[in-house]
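Across the two complexes that follow, chain A remains constant while its partner is chain B and subsequently chain C.
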Partner chain A sequence: MIWLLAAQLVVMLPFLFDLPLWLLPVLVVVAWWRLRVLAGAASQPGNVVKLLLIGLGVGGLLLSGLRFPSLDAMATLLLLGFAFKSLEVVQRRDAIVVIFIGYFLVALHFLYTQSLTAALYGMVSMVVLTGVLVGVQQAITEFSTGQSVRFNLRLAVFMLLQCLPLMMVIFVFAPRIAPLWSIPLASGQTQTGMTDRMAPGDIEKLGKSDELAFRVTFKGKRPAQHELYWQGLVLNHFDGHEWRQFDRDYDVYQLKTALMSHYRWQPERMQVQGNPVAYEAVYETSGQPWLFTLSPAVEVEGDVLRGADYRVMAQEALQAPFLLKAVSYPATQRDVVLPEYLRTLALGLPSTGDQRSRELAQRLRREAGSEQVYIDKVLARFHDLAFEYTLNPPTLGDKDTIDGFLFDSKRGFCAHYAGSFVFLMRAAGIPARVVVGYQGGEWNAAGQYLAVHQYDAHAWTEVWLAGRGWVRVDPTTAVAPSRVEQGLEAAVQAEGSFLADSVLSARKMPWLNGVRQQFDAVQYGWRRWVLGYDREEQAALLKSALGDLSVGKVALFAGGLFAAIGLFWLLALGMAQRRQPEAPEHRLYRRFCEALAKRGARREPGDAPGAFAHQAAEHLPALAEVIREFTQVYEGICYAPPADGRVATRRLKTLLGKIR
Partner chain B sequence: MTTAAPQLIQATLAQLNKVIHGKEQQVQLALTCLLANGHLLLEDLPGMGKTTLAHALAHVCGLEYKRVQFTSDLLPADLIGASVFEQQSGRFRFHPGPVFSQVFLADELNRATPKAQSALLEAMEERQVSVDGTTHPLPAPFFVIATQNPQSQSGTFPLPESQLDRFLIRLSLGYPNPEAERALLKGRNGRVLLASMQQVLNESRLKALQSLVPQVKMTDNLLDYVQRLIAYTRQTEVCHLGLSPRGALALVKSAQAWALLQARGHVLPEDVQAVFVAVAGHRIIGRQESQGEQLARQILGKVDVVGGGRG
Partner chain C sequence: MSSGADVANALQAQLDGWLRQRLPSARATTLNQRKIFIVPSKTALGLVGVIALLFLLGINFQNSLVYIISFWLLALLLLNIFYTWRNLAGLTLTAMGVEPCFAGEKAVLEVALSRPVKQTKYALELAWKGEDQVQVDLISAQTLRVKLSHSTEGRGYFKPPRLQVSTRYPTGLAVAWSYVYLDVQGLVYPNPVEKAFQPIGQSHGGTTDDGLEIAGGTSDFSGVRDYQHGDGPKRIHWAKFAQTGKLYTKTFVDYASHDLWLDWDELPMPGIEVRLSHLCRKVLDFHQEQRQYGLKLPGKVIAPGKGEAHKARCLQALALFGVVSE
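Right, the complex of A and B next:
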């Protein structure tokens, strides 16, 4: 029973990361109480205490402010019940109930995280639970506790391994049905990564995080590092302080409506050119719908939204890793003819504020002969006036932030450069917009993929030029070219601020870096091939294996595999139990007995050959001689081996022929 | 000597059968037990000729023979002897008890208290006796024939299973058949006939015969059958207590001795079957109240004689 408690703790442990923290003391107290009960030092709680505990649990649930109904609230309730149940386990039945709830909890935990480690931990939990289930079924243990636990766990592992082939078949074939109802998740779900607004200081925060944003595998050649601009969203509206997508905040549904109406994607406005870059990206759970692609993604596989700014966006905020297959043509010309609506968006500025910057823009534009020259002049200004690229820029206040940056602090992160550059463009009448996303990524040679982390977050700009459409301009390169060539770490190396807050980060230790990359590669494989195995993947796989798909065909194939596995185990078990084949003389003797039985002399199993021969000879006097001789030879072979058994066996055959 | 073994055995059996009428099977089993160097337990009602058989066996083998009537007040010292102070020498001298003999007849073993019983049973197993810290070896051959009344009779102390196990063979003689009884009534009384018995064997001849027993061949096929039998007794739904390895060894040994009695150089399944009830009957205990011997017969009927892997 102490192992039941251990199994319970193993199952409940991972939930502590996702559910209210006050569960921890409850679990500890319950476990302590249970141990005291097992030691005989305390009694199991009476009805009053049980009611009190239930009251406390429900009260705590109400006070913890979880939305009701939500997954968290329900999971917490179940976990409480699971913990309290251990206080009243008396019979085997109770223990089995606890174990079965344990199995359910193992499955439940996958709603919170589907990572590889969680899966492995789930398997460990399954082994422990199954081991305890085995133990509960044993009436008497013949071993010491340690021995029996080892035995039970080994048996559990063996049993679960036997289930593995069936699991595979179910994984591959079970239909991926769209949920009939969606779980009210998200009360505890945090949003990570890129947001849909950019104020000075937002992106530096990401720059200090080494969380993974997404991973990409390229089919074919990998583009150079400085070409990897992963576009997320386009920020058009500036209110003097921060950049947003539109003049007001849209929620996901309003955004979806916009992306389907006036802001919809119009493929005819681009002229596809250049070489394609085909890739698959697996995005981490971010709680946000943004996806990041090399702009423009011309062909996209998957259920996604697309916008007039060539963005690719998920239908829902990502609550699970998301797989996208895309082919981009980075050299494509976009919006050579700019629609009026987009032009308006790309020229909008607040009516007042940042007066010095406006004057600067107009002065420079006047001096420059063309728009291109003007752009170069602005970039050169960043370079010449010794602007500094830093992860720790000074704060700029709420008003005139562009002026503050351009003329006073001159220290900033990519967001500052992108924001002020677009401001200067618009002030000079050139349509421009801020693009946020990620730039670059870390190439994992072990897994042959690119890992893009939060610190790869970046902001750059697009400028619309007549005859060329939208042109990407990254003002950061003017200040810190190494940011784009070698990544953030190199760009801020002198400053030493790269991941300065995460002291224990593995990437600080070169010797661990290889291990980290390997592990990351394994995780990517898990993401891509296990979690990423969705309806389309399934359909593609089945199509490649079975040709044209029909429900009947798939069902037949899956059923066939099931049957094959069942047959295999049956044979394996049968093989283990099948007796050795009988020696030829015994088989001959049995045929001899059958032949005699047909004539009415039946041998009972307990009749020795000699005794039977006697009876049979009496019963069948005509054959008496043959029967006697056959028995004699047979007894000789069996009990007094002759020099040459084969001669005797042949003789048996001849004699048998005579009887027949 | 070897060539003469069958004749010797036949002569011995003939002498025994002269005294015990119509009990060929039991007489053969008794001799089997002697040849296999095991102890014999005769279990029967009073007056069935148990003592006569024991007498006859000792006589025909030319062995020294002692008999003790077991009673409830019998003490271990009465069996194994005691150290007695001798005045002339001024020291203790060990006076060996009746157990120091070649054939020891323990009459009505189950009338004695467990204390006395166990003294004898220990001597049987160890073939030696320890008194006052000195170990005295028993003569060889040492052959115990114990008789006992069925336990339903009043005033008996039943032997526990562990001690029953020390007897190689348990026999009951049963009522004589009508002819044998007629002869008995006509005055051909066993006790009278004992005097007319010839001594066929002597100590050295008996030892020689005993040494022939392990040489009787057993093939893998036969051992397969023996093992099937043993395994069957160990199935819990059949027996409460199956045959122990010692019991299995006893079975094999008896079967060899029986085969020797049949003047055969190898053991046949028939030999195993012939001794099985006598060897296993007192060693297995059924699930229900059924007698071990009945159970042993049932088992013989159920286990297939034929079969086995490539030997």
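Right, the complex of A and C next:
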């Protein structure tokens, strides 16, 4: 039973990272009590204590502010029950209930994380639970405790491994059904990655993280590195300090409403041109609905929202890795005719503030003959006045941040350049907007995919030009062209600030790079093929394997696989032979009887060996001694097995030789 | 009376007949495919519930790993059937014999269990329902002997009813079992009365009749004595009469006077079983007192003797009195 407790701890451990902290002391107290019961130092808690514990648990649950019904609440409740149950494990039946809840919890944890490490840990939990299940069912007296634990665990490993082929076949063939009802997944999961607002300094924070944002596999040619602008959000509204999507904050539902009404996707407003780029992206769990695509994504597969700014957005905040298949046409002209609503959004400025910048814009615009020349002048200014691209820009205060950057500090990250550029455009009457997302990515040659990390976060701009629609302008390239050509690491190399805070990052150790990329490739394969295996993938896979998808064909195929696995099991368990191998003494005795039968002494089925020996000896006096000895040795092996049966078996063989 | 019970009985009889045919009795039986039955246990139903719940969870959250756990458990449930079945397959049961006992006591069957060379067997359960059960593992030992007891009612032969061999190993999610009819029988002696009727067994050889000769006592002639009225003519020592003119009776008396006879006919009480019980008690008592005794039953006489073998012979005669041997 102590192993049951150990298994419970193994199962509960990973939850501690996701669930309220007060669970830990409760679980520790329960485990401690259980240990004392097992040691005989305490008795099973009485009903009063149990009620008290349940009350404490429920109270904690209510106080911890978990929403009902939510996954967190369900998991916490189940975990409490799981722990408390150990206080009243008396019989085998109770132990089995605990183990079954344990199996359930192992699976439940995958709703929190589906990473490869979590999956491997889950496998360990499965082995431990199964081993304990075997141990609970029967005690083998011949084994010491240590022996039986090792034996049970090894058996569990063998059994679970032998289950893998069948599990995979069921996984591939089991029908995938659409969700039946919806439970809010996690309450208050952290958000990571890009947010829907941009103040100076925001994107630098992302620039210092080497967490993965998403991975992309291209079908066909991969665009050049400097063309990889992964658009997330368009930020239209500037309040003098911060860039936001709209003039006020929208929550997810308001945003969805906007994306379905006035801010909706209107494909007729673009003229598709140029070469397509087809790709599949798998986004990491971010707790946010933003998806990142090469703009504009013309064809998109999956249940997503799209907006007037050519964004692609998930229906819900991502609580699990999300797969998107898209085809983009980067050369497409967008909004050659600009709706008034969007024009207004793209020209809005705060009524006051940043006077110097406004004056600069008007002066430069007057000097420039055309909008294009004006744009070039502004970009040239960044370059000529020795603006600096840095991950550690000085803080700018709350007021006149554009002025502060353009005229005083002249040191900034992409957000500073994009924000001030759009400000200068708008101040000169040119519709412009900030785009945030990621730029570039790391090519993984081992896995043939692009990995985009948080440090690839980037902000750039779109300017609306008559006759051309929205044109992408990245003011950062004016100061640090290497940012776009080679990535952030190269761009801030001189400064030495790349991932300066993460001393232990594997990225810092070039000799580990190969291993890191291989590992990442495995994880990506995991994401795409295991976690991403849904109804569409299933249909695609079966189609490619079977041609068409008639029910009969699929059933036949699956049936064949099941039969093959059944056969594999029979073979693996050594059950396919017709005759079970006999113990050597029984085989020799059978031959002995056959040999004697040839000489006329036939043994009737019911004859005991002793009685038969007597008869046979009478019948064959010449062999009487041999027969008697053979029988004696044989009975000796059967009824008082010697430590080493081989000596006796050899003797039987010698004697048998004499009879023949 | 009730036709329902009749039908049930008929069905039961039919099932027994089928089982007997499928599982013929023999002294040694090796369990193979044909003989092993297997079904999922109640525990398995619980696990099926867990699997179904997990499948729902997988559907609802579209979570591949939850699906995987659910399918993995399902596969485990199925694989386990093979494991449980294998744990029983190839097991050989050999009846070693049934120790004799007295009616009403427990008859003890000794069975040798042996496993195939390359397999070890765990948690095998042998049981007579409601009587006795024993659990054994065959790990280091190739063969083990186990004893099972079964209550007896009357004297005669005890034929062990079908023995259930079962296992739930390894996970308890399936139960494999087989019935074994072992072709073995044991003696059940009559139930000895607590205190035997006194005069019985005190009778001397003097009252013997021809029956004694049959018993082979004639060759053990030991002497003569004076003729007494009533001595049979065959017993008269004619040679001595010729010599002395006096009637002498050949004596087996010196010899027989120390012998005790347990004679069925001398028992005053009625009833076969009662008489047998009394005789049984006397046999035990005489054996205990290390005396020499013989047994006379209608149709069977056991000459006086002593010792374990003699006691066993006498008790067997009592046990099988009137029983048609097979």
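Note that the second predicted complex is superposed on the first by the 537 of 660 C-alpha atoms of A that agree within 3 Å, B and C clash if a C-alpha of one lies under 4 Å from a C-alpha of the other, contacts with A are read in each partner's own complex, and residues count from 1 in each chain.
By our rule, contacts are C-beta pairs under 8 Å (C-beta built on N, C-alpha and C of every residue); 3 or more make two chains touch, one makes a residue touch a chain.
Predicted model, so just to flag it, every value in this text is computed and none were measured.
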Per the contact definition in the header, classify A:130: touching chain B only (first), chain C only (second), both, or neither. second
So, A:349: does it touch chain B (first), chain C (second), both, or neither? neither
Where does A:586 make contact in the superposed view: on chain B (first), on chain C (second), on both, or on neither? both
Please work out whether A:473 is in contact with chain B alone, chain C alone, both, or neither, and reply first, second, both or neither. neither
For A:422, using the defined touch cut-off, is the partner it touches chain B, chain C, both, or neither? Pick first, second, both or neither. neither
So, does A:98 touch the first partner chain B, the second partner chain C, both, or neither? neither
Using the touch definition from the top, say if A:282 reaches chain B (first), chain C (second), both or neither. neither
Classify the contacts of A:638 with the two partner chains as first (chain B alone), second (chain C alone), both, or neither. both
Please indicate which partner A:534 is in contact with in the superposed arrangement: first for chain B, second for chain C, both, or neither. second
Superposition-derived comparison: chain B or chain C, residues of chain A touched: C
Chain A positions touched by chain B in one structure and by chain C in the second: 580-583, 586, 605-606, 608, 638-639, 641
Name, in rising order, each residue of chain A that touches chain B in their complex. 579-583, 586, 589-590, 593, 604-611, 635, 638-641
In the complex, go through chain C and note every residue touching chain A. 26-27, 30, 32, 43, 46-47, 50, 53-54, 56-76, 78-80, 82-83, 85-86, 89-90, 92, 94, 96-97, 112, 114-119, 122-123, 135, 137, 139-143, 145, 168-172, 183
Chain B to chain A touching residues, read off their complex: 217, 219, 221-222, 265-270, 273, 300-311
Could you list, by residue number, the parts of chain A that touch chain C in their complex? 96-97, 100, 103-104, 106-108, 110-111, 114, 118-119, 122, 126, 130, 133-134, 136-138, 140-143, 155, 159-160, 162-164, 166-167, 170-171, 174, 176-183, 185, 320, 530-534, 569-570, 573-575, 580-586, 605-606, 608, 637-639, 641, 645
